[in-house]
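Naming follows writing order (A, B, C, D, E, F, G, H, I, J, K and L), and every chain is counted from residue 1.
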Amino acid sequence: MSDHVYKKVEITGSSAIDMEDAVKNAVAKCSQSINNLDWFEVTETRGHIKDGKVAHWQVTVKIGFRLD
Amino acid sequence: MSDHVYKKVEITGSSAIDMEDAVKNAVAKCSQSINNLDWFEVTETRGHIKDGKVAHWQVTVKIGFRLD
Amino acid sequence: MSDHVYKKVEITGSSAIDMEDAVKNAVAKCSQSINNLDWFEVTETRGHIKDGKVAHWQVTVKIGFRLD
Amino acid sequence: MSDHVYKKVEITGSSAIDMEDAVKNAVAKCSQSINNLDWFEVTETRGHIKDGKVAHWQVTVKIGFRLD
Amino acid sequence: MSDHVYKKVEITGSSAIDMEDAVKNAVAKCSQSINNLDWFEVTETRGHIKDGKVAHWQVTVKIGFRLD
Amino acid sequence: MSDHVYKKVEITGSSAIDMEDAVKNAVAKCSQSINNLDWFEVTETRGHIKDGKVAHWQVTVKIGFRLD
Amino acid sequence: MSDHVYKKVEITGSSAIDMEDAVKNAVAKCSQSINNLDWFEVTETRGHIKDGKVAHWQVTVKIGFRLD
Amino acid sequence: MSDHVYKKVEITGSSAIDMEDAVKNAVAKCSQSINNLDWFEVTETRGHIKDGKVAHWQVTVKIGFRLD
Amino acid sequence: MSDHVYKKVEITGSSAIDMEDAVKNAVAKCSQSINNLDWFEVTETRGHIKDGKVAHWQVTVKIGFRLD
Amino acid sequence: MSDHVYKKVEITGSSAIDMEDAVKNAVAKCSQSINNLDWFEVTETRGHIKDGKVAHWQVTVKIGFRLD
Amino acid sequence: MSDHVYKKVEITGSSAIDMEDAVKNAVAKCSQSINNLDWFEVTETRGHIKDGKVAHWQVTVKIGFRLD
Amino acid sequence: MSDHVYKKVEITGSSAIDMEDAVKNAVAKCSQSINNLDWFEVTETRGHIKDGKVAHWQVTVKIGFRLD
């Protein structure tokens, strides 16, 4: 009954605001095409620098979702 | 002739029985939609505990298959 | 309301039977003194060999439980 | 005189707000029962997704404190 | 405007020639079905040996591409 | 023409505010003496605790810049 | 008197039955030519898939034994 | 009869003398409150520098002990 | 019938030419004394520099072979 | 007499040709300003993809040199 | 006031005596040109063997210091 | 002429004295049966505890030697 199976996909979100917003962008984009998103795991945090300042936060997450 | 290309997907299977059964569930679900499954690599072994006992084994595998 | 906090402890269970039994022994011992055990993560699998045969499976798990 | 000894415990805090708040919740709970908390190290950042949005940030930290 | 989101897929290319050719085969196959391929990261380098000689180079790459 | 060469330096920024601010402090200090800062990669997140509360976030980043 | 020295060899056992049997096969083969086998550490768990089912479990262990 | 269960705790010892003394301090402190200490594993070696010289060695060990 | 057992040995090949040649040298030397070489896994890539130029590529591989 | 001290710097070279050329570019640039370059260790291999083809190989190396 | 920024450099010290002496040599050399050295982290321990005996201990440390 | 090939073996030495002595014991034993020992890399440091004190240091090294 509860032998669920999940798939993980690896998504990199970016944001000029902060790390959390980069994750939210990754999740939001992913949820447009996949249902049942269940959890995420941060695997990498990077960013671009422009003119000596952080221009973009880039956070990679593995997003897990249940396969029906 | 033999420059095959493979893709790996990351799947988490769960089972109330044991670790092997969790892997088998992951492979079985994956084989419903993908042909040519070739190998798997265990990347994580976890589980849920209920009432002080192991309730579910959750094994994550990367499953490799040949792209035609 | 749901900002739960969890603690993880690292336990090594051993068993002459198999890997799952070693995990179950770790969880069973841990549940004698701690309530609310929630999940485990396998971090290491080892074993002792005697007379050329596997004598004991030793599986280390991190066990997570909710702090009240 | 200064051969201090420290212990590290592994705590997972969660928060609906952001990653920093999850860490603060872990530290706050830990400080209820342990004195002399000294430093933390983030070891894992995960989260739950509900209805296609991040519902909870879950950050695991090792918290170090001096043993008297 | 620039909060792009990227997905990474994990592909293993093989080649009888060299490591670079194995990567090129992985990228070429991937580009048949996915647009906007942007970067790759080598995660594993292996190979098959036949008759005491390297018969195939097998290089696994994570390939990142922008989600529209 | 485009065979650029980059150097990475490892910098730890600290901040009483949050993780992002610690990274910004690291980048700001680094940009005082180095031009062409291009990207960063977070390698470690730690912090100090005082009186049972997070006093400082300490984030270590590798910062990459183009060598002229 | 007790400054023993040990060597570790890395062996991959396979089995159609389960993970434990793959380890046992590795240990049994190793014990045919080496005495004093003392312990093992699992370093990798993989397997082959045939016709959409797990055909073989392949477990790599480091096996330690005392040098006389 | 021999399905022992062990717990590991993570302790950082410091010493002005050398790395071994830092480990010994960690073990000595731990043995004041816990019986049956059985083994340790070094997980991190760091130290403080004062006036351009090593002032303290700080060695973190996981210490394993049998749960009765 | 097919419960094969494999051993892995760790070999470092060097070459003034390129990385592939260093691997080929490792495999060629290994095949002089061992039959049934089956696969390799690159575990480390280093090299020597002389007069400001790469003088030797040094690639370490684990080479797997079937035990009869 | 021979208690030499070495420093490692982390450099990313890029090349449109192959991985070895990217390493050579990193070493060549580094040798313009530093003497006594002694060895390198590859820590990361990545690349850019343009129009579905590998456009640049980007190899990061740690380069060690003797401090006089 | 206390948003200090630190830089880490990676130094390999060697010594015919022992591991601690190799670290001390690394720190001593580093302190000749850099002020405010604050801490070190051991990242690698190796050594040379001559005539079947350890000839040199080589310990690599990351040394952190405050940027003014 | 200089395309040397090396093999690494993994040896655990133990000693009641200190970590360096454990490494020396591993090297000494290894040199009884193998010539041309060239370098070692420490991969693990553990130990046994008896009566609340460190009884044995156990250091695992990979020892590299040239194949003729």
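The criterion applied here is as follows: contacts are C-beta pairs under 8 Å (C-beta built on N, C-alpha and C of every residue); 3 or more make two chains touch, one makes a residue touch a chain.
From a predicted model like this one, the values you see are computed outputs, not experimental measurements.
J.: So if I look at the partners of chain C and the partners of chain I, which chains show up in both lists?
T.: Neighbours common to chain C and chain I are G.
J.: Treat each pair of touching chains as one step and give the shortest count from chain H to chain L.
T.: Tracing touching chains, the least step count from chain H to chain L comes to 1.
J.: For the two copies chain D and chain F, what is the rotation angle that overlays their Cα atoms, in steps of 5 degrees?
T.: 120
J.: Please flag the chain sitting at the greatest distance from chain F, going by CA centroids.
T.: Farthest from chain F by mean C-alpha position: G.
J.: Look at interface H-L and say which pair in A-E, D-F or F-J is its repeat, using the rule that over half of the contact pairs are identical by residue number.
T.: D-F
J.: What whole-Å value do you get for the distance between chain K and chain L if each is reduced to the mean of its CA atoms?
T.: Each chain reduced to its C-alpha mean, chain K and chain L end up 22 Å apart.
J.: Return the distance between the CA-based centres of chain D and chain L, expressed in whole Å.
T.: Averaging C-alpha atoms per chain gives centres 38 Å apart.
J.: Using the touch definition from the top, which residues of chain I touch two or more other chains?
T.: Only 9-10, 18-19 qualify.
J.: Any two chains that touch count here, so list every such pair.
T.: Contact pairs between chains: A-B, A-D, A-E, A-F, B-C, B-E, B-G, C-D, C-G, C-H, D-F, D-H, E-I, E-J, F-J, F-K, G-I, G-L, H-K, H-L, I-J, I-L, J-K, K-L.
J.: Considering only the defined contacts, which chain C positions touch chain G in the complex?
T.: The contact residues of chain C facing chain G are 18-19, 44-49, 52-54, 57.
J.: Okay, in this complex, where on chain C does chain H touch?
T.: Of all residues in chain C, those touching chain H are 9-16, 22, 25-26, 29-30, 56, 60.
J.: Under the touch definition given earlier, write down the residues of chain F that touch chain A in their complex.
T.: 18-20, 23-24, 27-28, 31, 37-42, 63
J.: For the complex, give me every residue of chain H touching chain C.
T.: 2-10, 62, 64, 67
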